[in-house]
Every structure is written in C-alpha cells, then in structure tokens.
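In what comes next, chain A is part of two complexes: it sits with chain B in the first one and with chain C in the second one.
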Partner chain A sequence: MSGNVRTSLASAAPASIPLPVNQGLPAPRVRFWAYGSTLFKVLGLGAFAFFLFGPLANLVLWSFAERWYAPFKLPVTYGTRYWEVVFRPTGDAMSSLLTSVGIACLTVLVALAVSIPAGYALARLKLPWRTALMILFLLPQAFPSVAIYINVARVFYSIGLTGTVPGVVLVHAAHGLVYSVWIAAAAFAAVDRDLELAARNIGASPLRTFFTITLPLAAPGIMASAIFVFLESLDEFTGTFFVGVPQVTTLPLLLYNASMGGNYQIASITALILLVPSVLFMLVIERFLKADVLSKVGQ
Partner chain B sequence: MERPSLIGLALIAPALAMIGALFLYPLGFSLVSAFTEESGRLSLTHFQKAYELYSTDILFTLFIVIVSTLLTGLISIAIAGILTLSETPWLITALRNLYRWPLFIPFIVAAQCMRTFLAKNGLMNNSFVALGLMEPLQATSFLDWRGIIVTFVWKQVPFVTLMLAGAMASIDRATIEAGRNLGASRLRVLIEIVLPQVFQTLLVGLVLSFVTMLSVLSVPMMVAGSQPTMLTVDMAFRINSYGDYATANALGVISYLIAGTVAWIYLRHNVKQGAQA
Partner chain C sequence: MDSSVVAAIDVDRLQVSYGSQPVLHGVNLTVAPGEFIAILGSSGCGKTTLLRTIAGFQKASGGSIRLFGRDVVDMPPEKRGMAMMFQSYALWPHMTVLGNVGYGLRLRSVPKDEIRSRVAAILKILGLSGLEDRTVTNLSGGQRQRVALGRALAIEPKILLLDEPLSNLDAKVRIQLRSEIKSLQNRLGFTAVHVTHDREEAMTMADRIVVMDAGRIVQVGTPEEVFDRPNSPFVASFMGAENTIELDVRPSGFSVEVHAGNGSAATWDGPVPVGPVTAYFRDDAASLEDPHAHIDGSLVLPGRIAQRTYPGGSYRYLVAVGDRHFSVTDGQYHEVDRPVGLRLPLELLHLFPATQPKGKVHA
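And then the complex of A and B:
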C-alpha cells in the first residue's frame, strides 16, 4: 500500500521541480545551460562506460588474438585456434569447468541446509547475543582469509582432506555462509508477520505455516542467497589455492596458472567462461533481491 | 509467537558448528602459531621478524585498502545519488543498466582484465593515444599500486552501489521532495537528507568491501608483481617458499588487527543505532 503512494509521489516529482528553476532565466541562457549539461552528462557517461567495459573488451580481444605484440594497437591476426584448444573434450579446461560447477552446486546445498534454519532463527526467534551471532557469520569474510586458509590446509592435511572435493566444498561453504545466513535472515524478516499469524489462527501448525507461508514468501531472497553462494564458490581462488592443490583444479586456478605462465589467450578464454554466469546472474539479481529485503541486510 | 530460545539455538547450531570447525579452530591455530616459539614458550619474536621483513608491505596494504574503500564509497554515493535524485530519465536508465556489470565478476577475472587493460601497451593507453589525448612515448604501465586500486574499485563499486541504491529507493520520498521544495540543491539533499537515512547500509557495504579487499590474494599477485606488495602475497610466499608458518601467521594476526579495527567501528555504530531505537 505504502509502495503505491511512494511511486505516485515519485512520478509527480519531475513535473513540479524544474519550474521554479527555469522561470528566473531568459530563454537563450536556459537553452545554453541545458545543452551544456547534456553534453557534460554524455561525456561523463561515456568515460564511465569506457572504464567499465574497456577491461572486458581487452579480454575479448585477447581471446581471439592469435598473434599480438608490442607496437600494434590491435591483434595482428585473429582466430579461434585457442578456443578449440580450450574446448577440446579431453582438455584441462573442460574438466576444470566440470569440477568448478560440481563444487559450486555442492557448496550451495551445504550452505542452504545450514543457513535456512539459522536465518529463520535469527529473524523470528528470540536468541541471546543476536548481534554477536550475526557478526560471527561475518567473521570468515571479515578476517583476512589467507591467514585462515593456510591453517585450514594444515588441519585438513592431518585428516586427509587436502586435495579433495569435500575439503574444497567445506571451505567454500564456510566462506559463503555470511551471504546465505544474512540474506536468509533478511528475507525471513521481510515476510509479513500478519500472514503467518493468519495461518496460525485458522489452525495451521507452526511447521505447516513455515513451509506453506513463510518459506515460499522468503523464497526469492533465499534464491538470491543461493546465487551469491554459487558465484562465491565459482569465484573462489584463495581457499582452493591452499586447500585444493594439487589434485583439485578449478577454473580460477587454471586461469591463474595460464596467466602467470604468459598464456594470455587461454587465461582470457577461461576468464570469459567464468564471466558468463556472473553476468547472467547480475542481469536477474534484482528480480530476486527486492529493496525491502536489501534494506534489512545486516540488521 | 514468543518461543523458548532453545529451538532457535538448535536451528542455528549447525551453522555455528561449521563456523567453529572451519573458522574459529584454524583461527586459534594461527594465534598459537604466531605467539609461541617451537619450545612452546610465549614470545613475540615472530612479530619482530615479520615487522623487520614486511613493515613496508604493512603500510602499503593499509594505504591500498583505505584509499580503495574511500574511492568506492565516493563513487557509489555519486552513482546511487544520481539514480535517486537525477531528473534526466535517459541518464538514470543508462546508468542503471551500466553500473552493475562488474558486480559478480570474480576478482581473478577482474585481475586478468586489468593485467591487459592497464599494461603499457594495453587498451587504455592505446585508446588515449588513438584519441590524441596522449603521445605514444608518454604511455606508462599502471600495473603497480594504482592498478590494484583501480581493480578493487572497479570490482567493489557495483556491490556498494546496489546496496545503497536499494536502500535509497526504500526511504520516504516525501523527505526528499520537502527538501527540494524548500530550495535545497540536489547535492545538499543527497548529503543532508538521503545519506543519513542510508548510512547503516553504506557502512555495511564498505566494511564488507574493506575486508574483502584485505583478503584478496589474486589481484596483488596478478596486477602488481613487484615489491612492495600486499600482506596476502607475503603470507602465501612464506608458506610456499619456506614453509614458515610462524612468520606467515604473525602477518596474519597483523591483518586480523586491521580488520578487527574496522569491525569495531561497525559494531560501535550498530550499538549506538540500537540505543537510539
């Protein structure tokens, strides 16, 4: 209800505001200022777009460059030779891709299994030291992870988890927990409590209320948290660098090895493969993560 | 719907157990390793060694992360402010569709992009030369501290802006209209009316960005190879080259202190906020 009022206020605003500003100036000066300001906005937007997309454009150029050396501003010869190398079914890249996606899916399952109950408890139930508990989930992100991972690797080594997929999944899930717990808590907090009370009033059990009312209403937010965890796992470099080597090679590790080895084509193509899910999720994220949920994150 | 907190604790227990096993236990491990000698005696010798070898890198890390956080905050406020207060519809639409692109791009991909874009013969210098803004001889490589900052800001601005623009969209627009109708400029409305209402969200976004940037290993390794470098690279180097866990963990504790200071600022603000409510 209040949302409707807000949008109508917002749409009424542009009509009412410029009038008093324009009335005081003679017409030619107004036009000059209008052109100047438009030019300024176009130039600003152009510079912004250049710095935003320039690095990505360079990546795409490198992935299709078969030869590119110093004095030339653009690649000397173009081709898809390196794409064929990467996408050979037996190649390192395909097995890394499968490893990465598999680890990311398992990480989402583990993270959601522990963070849906935790998020509900944080949003709805009385917990002692609630703020401290929220901060505790932030800690794996709030602490410089390299220092933690070197010790996780040491502990994992003693129980045989280094270089295994379960070891990497556990590290990724703990790292993503702040997103899944905080966003799940915000999503549950944004669910209208009256709807739950209405269900309880007409005789639904607490469990049934949760599964038919609360969880479906919080589902977009929880989907968003799953997306965050999935991407966090797909991105993850540091933990895999210490815990996964040498047996588990995810895409980021492949990219790192190729780039440091000077093979910019393979590195750029691997980077582009990692870009696809990132950009897709970026395009749909606002559908899942509504402003009412976002404003409750971290509270 | 008051319930005993026991159920709540049971629901949150698995998540807490995970943090305990995968974070608190290794954290204790690192503290023990940093503060004890091989004989098991408490000592600060590892910190002395860490300071002697890496004091420049400690300052370098602080400089990079603080400058990157401030720039991220300023640019995010500017973009979110334009999205909320601008009266030019096409600018809002264009900006809204543009700013989010790097949001989920992995740091390692961003590092690879910048490794080529900011190089001496990268696309940035080449474009400036082609546009006549720069002579070819003036082209220099940005693959040093500037490259790290550019990469961090490029990657973190969309994240903070998304949170900030979301929070700004949900504040009461009547307060903005009131300020504008009384003749306040948009900049003044942004600073005096909008920002105070979304400050909590801005702080969360910047704190998360700060500690994220403090923890990233790939960007300093790939964007700026030479000395000085960031603490994360030094830690990885101590482990991989010397198996020197003690000095690496001492460096780790130093970076905990940096992150802890920021967390403390956040907590203090949170408590103040709670007291007001």
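And then the complex of A and C:
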C-alpha cells in the first residue's frame, strides 16, 4: 500500500518540472490531482489501520491498565501488575500456556501422521471417489461446530475421553485435517513425477524414493500445513470447551473465563500471548508456501 | 544381426494401453549390445510410451521385454538395471551436483570417499570439474543435462535410455551434447535407445533408426536406408520428402516410361511400381533448369517461380507447376516469376502406388 503512495508521488514529481510542450492539463492542476489522490490514499490507509490496529491498541492498553473505569477515556493508573500475575510460574496462565502448546504439538503429530500418507495417496494414486474423499476432510468445517462438538462430547464421554488431553487432541486434529490433508496433497502433487522416476530408474525402491526424493521436496508445503494445524489448535475454543472442560484448560479457555469474570487485564494479556505465535508463523508460512503448491490446493 | 549374441533389448509383440485406449499395437524390436538406436516419430506416435515401458514406468498389457535374455516385463523399474535421461532433466533440486550424480552409488552402498572420487572422475569427463557442491538449480541448461548424463552413467548401466534429452537445449549446446553422448557411447560401449522427433539428431547419433507411426514400427534401418529408401509414403514424408506429384508408370520393353500429367516423360530401368503412382521428393532432390530442357533419367516440368527465400547457403524456391506448388532448393539465383523447368531426377523420387493411402504429412 505504501508502494502505491510512493508511485503516485513519483508520477507527480515530473509533472512539477516545467515542460516545453503543453501536455494537456496545466501543471498546477496536475499537481492538485496528484496531491488529492495521495491524500485520499493516506486517509484510506489510516482508516484501514484503525480498523486493524484499533482493537489491538485497546488490548495493549488494557494489559497495562491497573485501574480504568468510566467516564475516563484512558486508564487511570498504568502498571505491569497483571503481567506479573500472568507470568508467575505457578499461575493458571503459564500452566494453560503449556497445556495449549503441548496439545498443539500433539495435534500436529496426529494430523501429519494422517495427512502425509493421505496427501500422497490423493496426489499420486488413481483413487476412485477422490473428490468425495477430499470433501470428507472438509466436513468438520461445513456443519455448525457446536452441534458437532456436543455429539462428539457425548461419544467421548461414553469411552472416557472427555476431560483428557488425547480427547482434545483428537478434536483439534479432526478440525486441522482439512488444512493438512489438502495442503499435503497439493505439496505432493507439485513434485514432478519424473523426479521420482529418475530415482526408481537408477535403483531406488519405492520407499527409498519416497523418503529421499518425494518427502524432502514436499517438505516445505507440509511444514506450512503443520504450522496451520498448530495455529488452529492454539486458537481452538469450541471443541476444547465441550470436550476438555474442566480438566483441560487451554489459553483460549482461560481467556474466556477471564473476560467472563470481568478480568479484562488477564484476558487482554492472554490474547496478546496468543497473537505472538500467529504473527511469527505467518511470516514463516509465506516463505514455505510456494505458488506451485498453492495452485494445486483442492485439485 | 549376429543371432549367437544375446540381444541387449528384445521387445516382442509389446502392447500397451492407457485405459481402454491402445497406444502400442504389438511392437517388435531387437537391439544388439553396444548399438545406438534412435526411435523417430511425430508426437503421439507411441515412441515415448515404448521407451517408458522398456524402463518400467508404464505397464505392458501384452508381449514381453527381455534385457540380455532376462524377461523384465513384470519387474519394477529399479530392478531392470538401466539408466535414463529425461527431457525435463529430472535433477533433484534439493541436492548438490555431488548428491545427484552420486545418488545411484549411495544406493549401492559405495563408501563416501569412493563416491566422491568416482563422481569427480565422471564430472571431469563431462567438463564439470569442481562443480560438486553447487546446487543444480544454479546451473545452465546444458550443464544440467550433463549432470543428468553423469547421474545416469555413474551406475555404469548397460543400457541408457534417452527421452528427448536434448530438445530443451539451445541449438549450439544441443549439437555439442549430441557428439559428446555419441563419443561416450563409443568409449563406454553401453547400448543406447534415443527417442526424438528431431530427424537430424536421430540421423547423426544412431546406428539404426526406428520410425514409428500410430503405435507401430513402420521402418527399421540404418540412417542411409531410411533416408534414401523409405518403405512407405509416411516414412518418405517424415524423412523430409514433402513434395508429392502424381505420375503414371507404363511398361515399355525391358524398362518403364514415367509420365507426368503435362506430357513430359522419361524412361527408367529401375524397380518401380507400375500404374498410377505418387512420387515423394525432397526439396534438394529437385533442381531448376531451362523449361524446355530434355535430360535423360529426369522429368522436366515447366513452371514459374512463385517465391524465393534465402535460408543461407542456397536459395529456396516455391515453384508453381499448373495449380501445384513445389518447394525446391537450388544454388543459383533466379528472379521471381521467371519461367523455369522443374527437374526431377527419377533416381531421387520415392514412388509408391497411388492407391496406397497417403501418409500424414509431417509438419
């Protein structure tokens, strides 16, 4: 966006140089329109930034507000007391952060264990019902999640999985599989078949070919899918709420409890903590997901 | 071929289909050890399918493939002991030059130091010394295909398959690599099967040429045989004889008289089909003469020059004879629209009975 502003300024600059040949509009009017459009873009950017960063700024304010009540527009006293509460090693926040990260890692492992073979099969083998299979992984996203998770909770209750970490991991994995299977299938499909045949041709077994050629070449796409699954698991609320409560408390649940209890400071700090991995991984994902993989997603 | 020597490749009534679509209709081909074979044909004729079936990438639906007497038709590609060069190079971008060339040796559990020294020796032959640790994505097209050749030769294969490996390269690099592959083959003595649609490439590299059309082999022979004595209109036009003219051959005593439609005729005593025939000839077989010339053993058709181009070396003319146009290469400069005589030496015409279905004209 800033690039646009720069180009319009650059195009305005030559117009301000007096030209020997009359080029239609006189120079002052050209300058007026150039500045006008620049101003418009700046205003647009400002509005965009306000909608994007306004709520975030509010979060940051709340996390440092020790006392803030009406009619004051800004906090009355600032301080880091609540940060200390959250980061106290024995506090709820740290233990639920650990639970969250642990569950997210396990979810990634479960999702990869399914999506690597499933993605390879969907990309390489001539499967009947291929489209139906792809849509099957989409189903958990297609229905209202509350209805699904209430029923999942009932089933899990009867087999003793409610309130356990494996139960929550399974719910998160089912939810994350749509990303991991679709992206893994695209990543495998983007590997040129001749590259595998070249290895088979000079003596590599199918398994050896998979581990030395196919998997390393699909790895960036699979990494990206793992990151998506990790982030989805970290942010997941509904499933954890119905299956994990009260024994398993993840960060989103802590955030929910804190804000329901009117403890906006704790809620804000938890939200900011949840934001960190998302931002970090989004930067990484952009490097991993190449155009040739993206173009094959869902095919 | 000497029948006491076991053939390197013996393809017997090989059939391949994609689904219900037959692609190869019973192909027979025998390749002697150390022989360089070029499979020539237009796209979709099944030449690549034949090569990939020999390599084991494509399942045969009938027939057999024997390599040095061993039936491999049901074997997976890794058990067949051959190597292949791909049109797309098929180098592994996540490995260095050393990783690519040494892959086959690593599979065979060759110690690391030995892999390094053997790869270095191969790279030296290919003029790539010192590039071991470069990633293959940083190489030029010619260098990449050399690395692919090195990777194939590293396992010392008895059979090398070439799937149009030169068609993505610049003209200059292509000609260079052509002679390099050929001289390496002479030196190392492997058997080579080269698939190409480039006639000149096939002619210059191969000991024998196999011409394929619509899933069948239509002619097998040395480059001279296939070029000078095509056995069908298809092979004739594929080998560059793209001019056609209808003639009439009448017996006269011990020889025959060949008549063109406009009344010019010549006698000939070679073996030719009698009756209405179609003659196929290359543009360099014909030449331009005086319109009223009479030359023994040649037909002279009066015509007019419709177009002249200079591709270098000699001129290429489009000559109108009646309502037909013929392309002719001639060293002499002639003005456009000049009346000329199109001279067709009978010995350079490929005559086929006119009732035979006309072969597809190769573009």
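The rule is simple: the second predicted complex is superposed on the first by the 269 of 299 C-alpha atoms of A that agree within 3 Å, B and C clash if a C-alpha of one lies under 4 Å from a C-alpha of the other, contacts with A are read in each partner's own complex, and residues count from 1 in each chain.
Here is the rule we go by: a residue touches a chain if its C-beta (ideal position, glycine included) is under 8 Å from a C-beta of that chain, and two chains touch if they have at least 3 such contacts.
As the structure is a prediction and not an experimental result, all values here were calculated from the model.
Asks: For the combined arrangement obtained by superposing on chain A, do chain B and chain C clash, or do they fit?
Replies: They fit: once the shared chain is superposed, the two partners occupy separate space.
Asks: With the two structures laid over each other on chain A, which partner does A:T90 touch: chain B (first), chain C (second), both, or neither?
Replies: Neither chain B nor chain C is touched by A:T90.
Asks: For A:V279, decide between first (touching chain B), second (touching chain C), both and neither.
Replies: first
Asks: Examine A:S158 and indicate which partner it touches, taking first as chain B and second as chain C; both and neither are also allowed.
Replies: neither
Asks: After superposition on the shared chain, which partner residues are touched by A:I213: those of chain B (first), chain C (second), both, or neither?
Replies: second
Asks: Which holds for A:Q141: it touches chain B only (first), chain C only (second), both, or neither?
Replies: After superposition on chain A, A:Q141 lies in contact with chain B alone.
Asks: Of the two partners chain B and chain C, indicate the one touching more residues belonging to chain A.
Replies: In the superposed model, B touches more residues of chain A.
Asks: Figure out whether A:P252 sits in contact with chain B (first) or chain C (second), or with both, or with neither.
Replies: After superposing on A, A:P252 lies in contact with chain B but is clear of chain C.
Asks: Per the contact definition in the header, classify A:L197: touching chain B only (first), chain C only (second), both, or neither.
Replies: both
Asks: Counting only touches as set out at the top, which of chain B and chain C does A:V181 meet: first, second, both, neither?
Replies: first
Asks: Quick one: smallest Cα-Cα gap between chain B and chain C in the superposed arrangement, Å?
Replies: 5
Asks: Residue overlap on chain A between the chain B contact set and the chain C contact set?
Replies: On chain A, the residues that contact chain B in one structure and chain C in the other are 197, 200.
Asks: Over in the complex, which chain B residues touch chain A? Could you list them?
Replies: Touching chain A: residues 1-3, 5, 7-9, 11-12, 14-16, 18-19, 22-23, 25-27, 29-30, 33, 87-89, 91, 94-95, 98-117, 121-124, 126-127, 129-130, 154, 158, 162-163, 166-167, 169-170, 172-174, 177, 180-181, 200-201, 204, 207-208, 211-212, 214-218, 221-222, 231-232, 235-236, 239, 245, 248-249, 251-253, 255-256, 258-259, 262-263, 267, 270-271, 274 of chain B.
Asks: Could you list, by residue number, the parts of chain A that touch chain C in their complex?
Replies: 192, 194-195, 197-206, 208, 212-213, 216-217
Asks: Along chain C, where are the residues that touch chain A in the complex?
Replies: So the residues of chain C in touch with chain A come to 55-57, 76-78, 81-84, 86, 88, 90-94, 103-104, 107-108, 148, 151-152, 154-155, 157.
Asks: Which positions of chain A touch chain B when the two form their complex?
Replies: 6, 9-10, 13-14, 16-18, 41, 45, 48-59, 61-62, 70-71, 73, 113-115, 117-118, 120-122, 124-128, 131, 133, 135-152, 154-155, 170-171, 173-174, 177, 181, 193, 196-197, 200, 231, 234-235, 237-238, 241-242, 252, 255-256, 259-260, 264, 267-268, 271, 274-275, 277-279, 281-282, 285, 289, 291-292, 294-295, 297-299
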